[in-house]
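I have a structure here, written as structure tokens, and I will follow up with some questions on it.
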Amino acid sequence: MSKINKIAVLTSGGDAPGMNPCIRAVVRTGIFHGLQVVGVKQGYQGLINNNMYDMNERSVSNILHLGGTILKTARCMEFKEESGLEKAYQNLKNRGIEGLIVIGGDGTFTGAERFSRIYDIPVIGIPGTIDNDLYGSDFTLGFDTATNTVVEALDKIRDTADAHDRLFFIEVMGRDSGCIALRAGVAGGAEAILLPEKETAIDELIENLKSGSNKKTSSIVIVAEGDKNGGAYDIAKKVKEHVPSYDVKVTILGHLQRGGSPSSFDRVLGSRLGYAAVNALLNGETRKMVGLKGNTIQLAELEEAISTHEFKLEPDLLDMVDILAI
Amino acid sequence: MSKINKIAVLTSGGDAPGMNPCIRAVVRTGIFHGLQVVGVKQGYQGLINNNMYDMNERSVSNILHLGGTILKTARCMEFKEESGLEKAYQNLKNRGIEGLIVIGGDGTFTGAERFSRIYDIPVIGIPGTIDNDLYGSDFTLGFDTATNTVVEALDKIRDTADAHDRLFFIEVMGRDSGCIALRAGVAGGAEAILLPEKETAIDELIENLKSGSNKKTSSIVIVAEGDKNGGAYDIAKKVKEHVPSYDVKVTILGHLQRGGSPSSFDRVLGSRLGYAAVNALLNGETRKMVGLKGNTIQLAELEEAISTHEFKLEPDLLDMVDILAI
Amino acid sequence: MSKINKIAVLTSGGDAPGMNPCIRAVVRTGIFHGLQVVGVKQGYQGLINNNMYDMNERSVSNILHLGGTILKTARCMEFKEESGLEKAYQNLKNRGIEGLIVIGGDGTFTGAERFSRIYDIPVIGIPGTIDNDLYGSDFTLGFDTATNTVVEALDKIRDTADAHDRLFFIEVMGRDSGCIALRAGVAGGAEAILLPEKETAIDELIENLKSGSNKKTSSIVIVAEGDKNGGAYDIAKKVKEHVPSYDVKVTILGHLQRGGSPSSFDRVLGSRLGYAAVNALLNGETRKMVGLKGNTIQLAELEEAISTHEFKLEPDLLDMVDILAI
Amino acid sequence: MSKINKIAVLTSGGDAPGMNPCIRAVVRTGIFHGLQVVGVKQGYQGLINNNMYDMNERSVSNILHLGGTILKTARCMEFKEESGLEKAYQNLKNRGIEGLIVIGGDGTFTGAERFSRIYDIPVIGIPGTIDNDLYGSDFTLGFDTATNTVVEALDKIRDTADAHDRLFFIEVMGRDSGCIALRAGVAGGAEAILLPEKETAIDELIENLKSGSNKKTSSIVIVAEGDKNGGAYDIAKKVKEHVPSYDVKVTILGHLQRGGSPSSFDRVLGSRLGYAAVNALLNGETRKMVGLKGNTIQLAELEEAISTHEFKLEPDLLDMVDILAI
């Protein structure tokens, strides 16, 4: 066990369900081990602006079931500049903070990695993003909840699609990753899924929809926001041009995918990752990411998590899309 | 009690949660009273195309909790023409159908009213639309579920709005009616609600948002789809021009508002309305709408339901929007 | 408008979803009208123990979607004694509180009525109980959410009942009222509903279940907790004795019926009632209950609300139980 | 690829959410590979009674979101006897069925294993049980949904516990396994969790609750149904004897834990397992279980799955129970 006495925790980048259970675990695990825990507001902006407060075990009461993040989050340009890093370091030093836990995605980790190298402050990263686009963790915090949210929306839209014999194009989040699109599409019974990781020719899509339409009365096509064919509106327009008889509708699910009470999976994952991150700092680790591999929490190099591109789409799921939607 | 022996039921116009419980009540109440009940597929199109089938008590098993409509629905141009009405009548006559129950909105009722006058076939209308825009029923079937769906979406978006200190514009359904917008806005704690029934000057909205922003870190503005200022994107753009510092996001909730498992309220309402509609036919009524007034089911003239414009926004709810969002 | 400057608000008796939106409306409407608003913790106990705090508009931020009550609630024996009333009065007087809003059920109202008569302090009651057992309001705060919770549980249990061809007895809350049982039973498609307001002979129930079992493979019987035949376990045992071949299971839904995020209906109702209660105090009213009649908020005498027994089960719902479950 | 032309699928034992997506995947993957697929009703009872039907791709339309199992399930004593196995075999042979997929738990697998050895019919097992008590699969089908259901119930009960400062004992399912109790307890913020795998002295529990009660106003204790201290009522009674001042309530969650629309996780898992099971049969495998290890589907010996006892409680989760509930 290291001699660390005081640590800080922040959330940065897009918010994700499960961040609050994770903050709770960091705070209470820290206090259990005799640490003082400081909460930083609005991510790196709070480090720079000295927007922090001392937390105790009651600071994180009744937050386990809440979406969003009680520490708030922001994207911070200033932390990319040396002057910003310097201010952040001075604020941490003045408060006697000897370790930092950052919850976020690759942008967050990139900043943390650099900051830690320059100022030699121990940093542990926790993968918190609905996109599931990080190497070193099978699943990121928030992905399960976001996928459930999308599936619930698909179930609702399916009611209307069936009632009206319609073709729906649904655009879902995920940036350059098709993880949400693929899982939610399989779980929601989508007739087709357009993914950034895989080219789909529009005419092939149209052929599939036509062949299916003999047997099926309604269809749902999932479009990942990072897909190369353009957004759901563009694709719908092209399809409509080729098959004017279709009754085509488009829904961009949008920001409701980021919020909501975290699922059991994300609450448990957030708790485990927060607990492990504190233990990692106490064990003298730095510039590591805690992640879920199989059903255990493991450490990975933060640098590797940032720089490695992992193809995270499960091959069997890719295979079964067409098979299960017959 | 009349000598009617056989009735038909159909759903028409946009689907609404609660239609299935309503169909179930029509079928089982009819059978209980010794009637034969015929289900018409795809609304008036099914009347014209003779797309109908005999239903029994098991035809409506396990549908109480399903959104959409097992009878499917469609908008039908042909039923506005005399040839279409004639075909529909011949099909009903050939099958010996002596009464018709139509579940839908004002378009549905307009067709039913005219058809019934010309061919002297008894018709009862059931107000099924999420928009709550019909005179003669305090609430229409589907409105409660749709409002709950919007509120759940607002709760999720609030998580993200709070985490990022953002201003969100959320566009909700309702056509020319602000009922969903008003109720969901109050229930979701919206900072402002733009309604078709009420003019809102954009600069006034901006002033309100500015004054509120001293105390509040995030804001949600609901925009009813029928609002005269244009859709949520247009309004967001104008606001952004005046207050470039805001972090503004837009979500169009779209078709997920139509689907989903009906709420208890809508299942009970659908059951009551279906039960009452069959009883009305048995009592020799025609061209009536069954509706909810207070907590009892009452009959109104179909003609009146179509032609009367009722201002359905509760004055106290309108008053409290600004008061409760301080 | 009266010259009242300071009011207090409390929740008492069993908690009900919608109490938080209601507290929020009381606080913000009060502040809007220039009042100071004091929150009393733990119902009448807090009045007696002087457990109160000044509230501002931010005291009720982010509570609209939360079940339970931020003011907490308790049952308080001491408030039934004169010494308790006296202490409560002194505490109110010392703080300069000139009006009191109490959210709760008939026990709560009985205390408030007596207290107000003795000490001449204006009191307004808000019907907050899941049981829906108060005269003067078609629906009480929390009833809609509780009913939805029961229906969701029934939907889940139906899955298992169907999969196993089982007979389930489900006991639901409501004390002496069958309102939850009746509505949830109709909405959940229960094969039979045992209500406190209506005698059901066990052998008749058994006959019904037997006759239905030819066509149906599973059955759900709702037992209201106030039913005269004993609880669900007792009834299940008797039925099992008569029809040993049945695969019988029992579930007591219990306290999960009290909690959960309030439905849109209860958030809107709570907001309207809280808003109306403050306005009533400002208008010089006292010993009144604000309630929902039809779709408007109306005042009733508190005394009448307590003493009048109203049969609140809708006759058409009672009629249709057997008809719709065929 | 083997020369199998016709396979059968059944669900047996307790139903679990995700069985329907799994059946759908078996049927559609089979049809995709040119197989005929037969659905067996009511588990092994249907094999013995010849209660089966030919399925096509539309037989499994619109079931992805439904809890329970469209094939129904039953516990079958006759399949433990040789005469039962013989009848089952004759029925399969008469229909030309050359492979069998069984979805269920260890009882199901024990029957399948024996049947397959005696009659040399290829059998693949799919782990479908909410209890998560099978060796060879990190998670069983239905476990994620059941855990979410418990967590949602805990969130609701927490509202009431907080409002009243109460101590709740909540009994959850899992038979001899504490998996649901542990995960749901951590996700729901339980103050203590009583597990079958771990002895908890009642006086220790009481000490913990007393020490916590200085800071916390309400507590929730999860009791796994297999816990050695007796059920939740017994434990509550003992605690109440030692600390009469506590306001103690008990809820047995019961059968609602088995039902409900499957989560995204369980729909995806069910789809993957069903897809893999068909492929395993086609690859000539027999007496294997398909299971989830890490994030891939792998085969295990059915015999091993039945006979191996695996301690499935994650050590870090066990450690953090006391730490996170401070």
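Each chain gets a letter, A, B, C and D, in the order it is written, and its residues are counted from 1.
Everything that follows uses one rule, which is that contacts are C-beta pairs under 8 Å (C-beta built on N, C-alpha and C of every residue); 3 or more make two chains touch, one makes a residue touch a chain.
Chains and their UniProt names: A, B, C, D = ATP-dependent 6-phosphofructokinase.
Remember, predicted model here, so these are calculated numbers, not experimental data.
Where the contacts of subunit A and subunit B overlap, which chains show up?
none
How many Å are there between the centre of subunit A and the centre of subunit D, using C-alpha atoms for each centre?
28
Could you put a whole-Å number on the gap between the CA centroids of subunit A and subunit C?
Between these chains, centre-to-centre, one finds 39 Å.
Got the subunit C residues that touch at least 2 other chains?
155, 158, 162
Answer with line, ring, star, complete or other to describe the graph linking chains that touch.
Shape of the chain contacts: a ring, since each chain touches exactly two and the loop closes.
Which of the chains touch, listed as pairs?
Between chains, contact exists in these pairs: A-B, A-D, B-C, C-D.
For a test of understanding, state which residues of subunit A touch subunit B in their complex under the given definition.
It comes out as residues 11, 15, 17, 42, 66-69, 72-74, 149, 153, 155-160, 162-165, 168, 217, 249-260.
For the complex, give me every residue of subunit B touching subunit C.
Residues of subunit B touching subunit C: 21, 24-25, 28-29, 31-32, 57-58, 62, 64-65, 138, 144, 147-148, 150-151, 155, 158, 162, 183-184, 186-189, 215, 261, 263-265, 267-268, 271-272, 275-276, 293-297, 314, 316-317, 319-320, 323-324, 326.
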